[in-house]
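Chain nomenclature is as follows: A, B, C and D, assigned in order of appearance, with residue numbering initiated at 1 for each chain independently.
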Amino acid sequence: MTLERFFRRRPPQQKENTVNDDLPDLWSKCPKCNAQVYNKELEQNLRVCPKCGYHHRIPVKRRVEGLLDAGTFQVTSGRVKAKDPLEFVDTDTYVAKLERARKKTGRESAVYAGRGSLAGLPVVVCVMDFEFAGGSMGSTEGEEITRAIELATKEDRAMILVTASGGARMMEGALSLMQMAKTTFALEQLANKGLPYITVLADPTTGGVAASFAAIGDIVIGEPDALIGFAGQRVIEQTVRQSLPDGFQRSEFYEKKGFIDMVVDRRHHRETLANLIAALRNQPKPEVTALEIKVPEPPRTGIFGRRK
Amino acid sequence: MPALEFEKPIVDLETRIDELKTYGSSSNVDMSEELALLEKRLERLRSETYEKLTRWQRVQLARAPGRPTAMDIIGRIFTDFQELHGDRAYGEDAAIVGGLARLEGQAVVLIGQQKGRDTKENIARNFGMAHPEGFRKAMRLMDMADKFGLPLITLVDTPGAYPGIAAEERGQAWLIAQSIQKMTRLRIPVISVIIGEGGSGGALAVAVGNRVLILENAVYSVISPESCAAIVWRDAKEAAKAAEALRLTARDLEQFGIVDEVIPEPKGGAHNDPVGSSEELKKALLHNLEQLRMLDKDALLDSRAERFRRLGVFEEI
Amino acid sequence: MTLERFFRRRPPQQKENTVNDDLPDLWSKCPKCNAQVYNKELEQNLRVCPKCGYHHRIPVKRRVEGLLDAGTFQVTSGRVKAKDPLEFVDTDTYVAKLERARKKTGRESAVYAGRGSLAGLPVVVCVMDFEFAGGSMGSTEGEEITRAIELATKEDRAMILVTASGGARMMEGALSLMQMAKTTFALEQLANKGLPYITVLADPTTGGVAASFAAIGDIVIGEPDALIGFAGQRVIEQTVRQSLPDGFQRSEFYEKKGFIDMVVDRRHHRETLANLIAALRNQPKPEVTALEIKVPEPPRTGIFGRRK
Amino acid sequence: MPALEFEKPIVDLETRIDELKTYGSSSNVDMSEELALLEKRLERLRSETYEKLTRWQRVQLARAPGRPTAMDIIGRIFTDFQELHGDRAYGEDAAIVGGLARLEGQAVVLIGQQKGRDTKENIARNFGMAHPEGFRKAMRLMDMADKFGLPLITLVDTPGAYPGIAAEERGQAWLIAQSIQKMTRLRIPVISVIIGEGGSGGALAVAVGNRVLILENAVYSVISPESCAAIVWRDAKEAAKAAEALRLTARDLEQFGIVDEVIPEPKGGAHNDPVGSSEELKKALLHNLEQLRMLDKDALLDSRAERFRRLGVFEEI
């Protein structure tokens, strides 16, 4: 399970994957193609390696910036904070774990959400932050997501949900599990108003998050090479007692298996989402341009589609 | 029925008493005084054990061989069960059973997660761990209940959705999500009962009820104690510790509002008195169904949404 | 394709499978177990071999008799007759073929339908007759089925449809194809009134009949060993260039594959259908007894279910 | 583009004329008179051929290599096509494409049966013969159109649903039936266009439109002429006879009310002027869509039901 790293010990500093707002170093090394990439260029490129197209994790704020019309985003999340209902203690207390996550991210939960406009279209964007406790879904996250969906419903906005999560948050027990149903009920209200709901599955999206709101977007978009699935790969390997094939449970795999509408390079999310939302809302095609992509994109898995 | 680990002292004492009785009657020595003392001691031991069950012991009871399975319960509480098969898409998954039945004459749709009662059945039932087609079958039966306005009763008993390659290939995550979503749309009374092991998303997929009931010794958890222990202490043998931490018993869940009602079991668990324990469950189903009958279609849907809307513990800033 | 036999030449006299009302012979030989069976017993047994459970084809009238409460059936079909819209000629004219089918069956189409009561429950029963042009679906059959469904809708009756058909009727071209949609539209009206629709798939149910009203019963029942499928077995063999596995496309096969709710011995149709309909209509359990079955039934394909 | 069998005389004559022209210009002999005669003769030959096409020749045109496929038409008539993949249950079937697009700015949902334009694509597309997952994908897109109130346009071009073992195992008959049923429930404008080969149930599964249009040289049949011939005359080579008997051309179908409108094609078929023929199709889509826009949701559903209710030729007794 992806959460294992998080639960077992302090999260390792993923030097190549996380970037502070003020970069200490000028260059990063791409873990896929080993190229030295100028950090500024990487940032402009929405943290997609300009050499090989590898999708680094991207801070939630930067993701929202790259998606919405400049200056239109208003944060609405951050009104609730986690408690410790189970008084959960393992090798450490849940309270201490939460403190570290708060300190690391400056936020109260793994959810960052708000209203904004995308190519002029009113949307609510909700992004899960893997940096906060592995993006795991506790009561706070469930509540934040539910409120974001309710906001979209109330204000007639399309809902965009970007997932990155190892799944449920063990330290909140079955309360965490209940968030799967709670968020889904909220989505039902959104659907009843005919508002589009689009999910973007970033690396990783597994467990209870994959098995609830992530999977049931009107349109489900995968980020290239994102790990997606219900069971974690180690659990599966232990169950079937064989190693997993290359590419198993990746975005491209699930596109082929019929579960993802399309795999879309992060640099194209903005115009793709704008076009999809406008079409689903039966509105004129919005004017929106994409980031220019100067480098070869990862090879297309489908046989005939163009990667957008 | 093999005794569970923590029941061994009781079984040992029971054996001694039996031996003593045999000895007494064959040797013509009056052992009645000793026997009375031992019986009293046995009673105390039983009380001490079963009234102060640890969470891990509950987990063991919830999984006990011989504990009534969904099909056992269906056979005892319902009549005229007509099993319906298939998901109309890929296959028939024996880990989830379902069909039409009657509860005191009232037609209902049943969905049950079914573990095996012996090794052969366990293999056929995949130990109660459904593949995507099992959830799809459940969804189809939910649609049927909704179309004909029949109450839906789900019996939850699974270690979890099956974590295999084929299950993932066929979209286990998607099917669980779709099944939850389907349950958010039903305009019928839905009662879910955790009868044994409520294992994570695989359980929730069929447990989004207007009422969620639980048998006294059943458990419902986001992760199995073994997996939790393996993650935290790198040792599945620490499962007892994990079970404590996870607060997964009926009473724990009741506190958090995750279940609405705890249905009492006989001392030592449902398998010690399957008939009596079925009666309790039946009573619970009937009075909950009676209450839900007051609600119209919209109210059934809305109140289910409200029930789940409230779940979660956090603090406003 | 099952229709091949019918289309290519005059239908062979299937001695062992068809029985006239006045039996010429006292004994029949079972094609499965080779037992000599006393015809009267076979008839009482709804043409299920009392020795091995083999399901012989059963005349449509006898099927309806075996299903409904005695004396309650009123025929409503037979108000329309086929024309020859394409002026179809192959080795023979369609008109001549129709004449033979009429003569053979004494009916105007492959559909026999009417209202009646089943354990006191109001139903419409519609049975396809393989003896009439291989049960193929032309305009007449589509119209009869549609009217039967409309009757059920109008009179608040559950709908029981027993299929036996090689599929569309080639000699009516695309008009035949259209019956698949026409009948399905009628079923939509029935569904909107919340009336149950149960299909019983008899041998054979293939092609356009399998791929329309047969498949979409609220509950789909297969007769034991009935051949069911979209494509005919010869076509499949030619396509994949291999021979088909034993039991392929049979009722039991499709039950295992998830497409049939249950395989039910014909002698149990009456009480099974009564119980299902009463339950779906939320009515008290009807009092109804089944034919006594004295002989071993065919082995159950499912692992745990009882064959009913 | 390779010529069809019946076009060979035309191609031969064209070749001769070309040769004569080359000879004339190289040898400086004046051939203008001969050429004029030949050109006239060519013109007559073309007219004779294309204005009196037999049904079998139409079948060949409908299947002609180079005839615009669904994706070709989508590319020419629509803008902003965003292909959506998958059936959310088993797989992605390339024999059926679909997604969101715009027609003169109006957002629509498209479903197209896609044959390959070369051998490689034909293999990937399975020659336009869908498996159950293709129909399930189509159904998912229909649901999307219905949910968001977008018009649905389907482009039909398939020899039929694939008759393979796996397709049957995964319930080909059921999926076709489900897809037809789904289309009987849509409360949106639905226009289906037979653009090439409308092959039996596999075609009808996505062709239950409020309007069913057909290109002039397209065909729509309950069975392929080859299969019909194989059954009747035990010889697939008698396909020409079978094609005659089956009355499968656009004009035949129009007579029976099976199609509502025949969209003209340029002489020799759509592939001879893909741009012009697309324009005709676009016009037809626009004016039909315009008419359907007058109807509310219920009327859209009811009028579709009425349209199909009328189909069939029989006699009242």
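Operating definition for what follows: a contact is a pair of C-beta atoms (placed from the backbone, for glycine too) under 8 Å apart; a residue touches a chain by one contact, two chains touch by 3 or more.
Because the structure is a prediction, the values reported are computed rather than measured.
Across the two interfaces under comparison, A-D and C-D, the one joined by more C-beta contacts turns out to be C-D.
Chain centres here are Cα averages; for subunit B and subunit D they lie 55 Å apart. If you average the Cα atoms of subunit B and of subunit C, the two centres end up 42 Å apart. Centre-to-centre separation between subunit C and subunit D, using Cα means, comes to 34 Å.
The set of subunit A residues that touch two or more partner chains comprises 257-259. Touching two or more other chains at once are residues 88-90, 170-171, 174, 178 of subunit D. Taken as a contact graph, with one node per protein chain and an edge wherever two chains touch, the assembly fits none of the named shapes, being neither a line, a ring, a star nor a complete graph. Listed by label, the pairs of touching chains are A-B, A-D, B-C, B-D, C-D.
Contacts from subunit B toward subunit A in the complex involve residues 161-165, 167-174, 176-178, 180-181, 183-185, 198, 200-201, 204-205, 208, 220-223, 227-228, 231-234, 241-242, 245-248, 252-253, 256, 258, 304-305, 308-309, 311-317. Against subunit B, the residues of subunit A that register as touching in their complex are 1, 3-4, 7-8, 78-83, 85-86, 88-91, 108, 138-140, 142-143, 146, 168-170, 172-182, 184-189, 206-208, 210-216, 228-232, 235-236, 239-240, 242, 244, 248-249, 254, 257-259. Contact residues of subunit D toward subunit B in the complex are 88-90, 132, 136, 170-171, 174, 178. Against subunit D, in their complex, subunit A makes its touches with residues 191, 194, 196, 218-219, 255-262, 272, 275-276, 278-285, 302-305, 308. On subunit B, the positions that touch subunit C within their shared complex are 71, 79-80, 82-94, 100-102, 105, 107, 121, 124, 133, 137, 144, 147-150.
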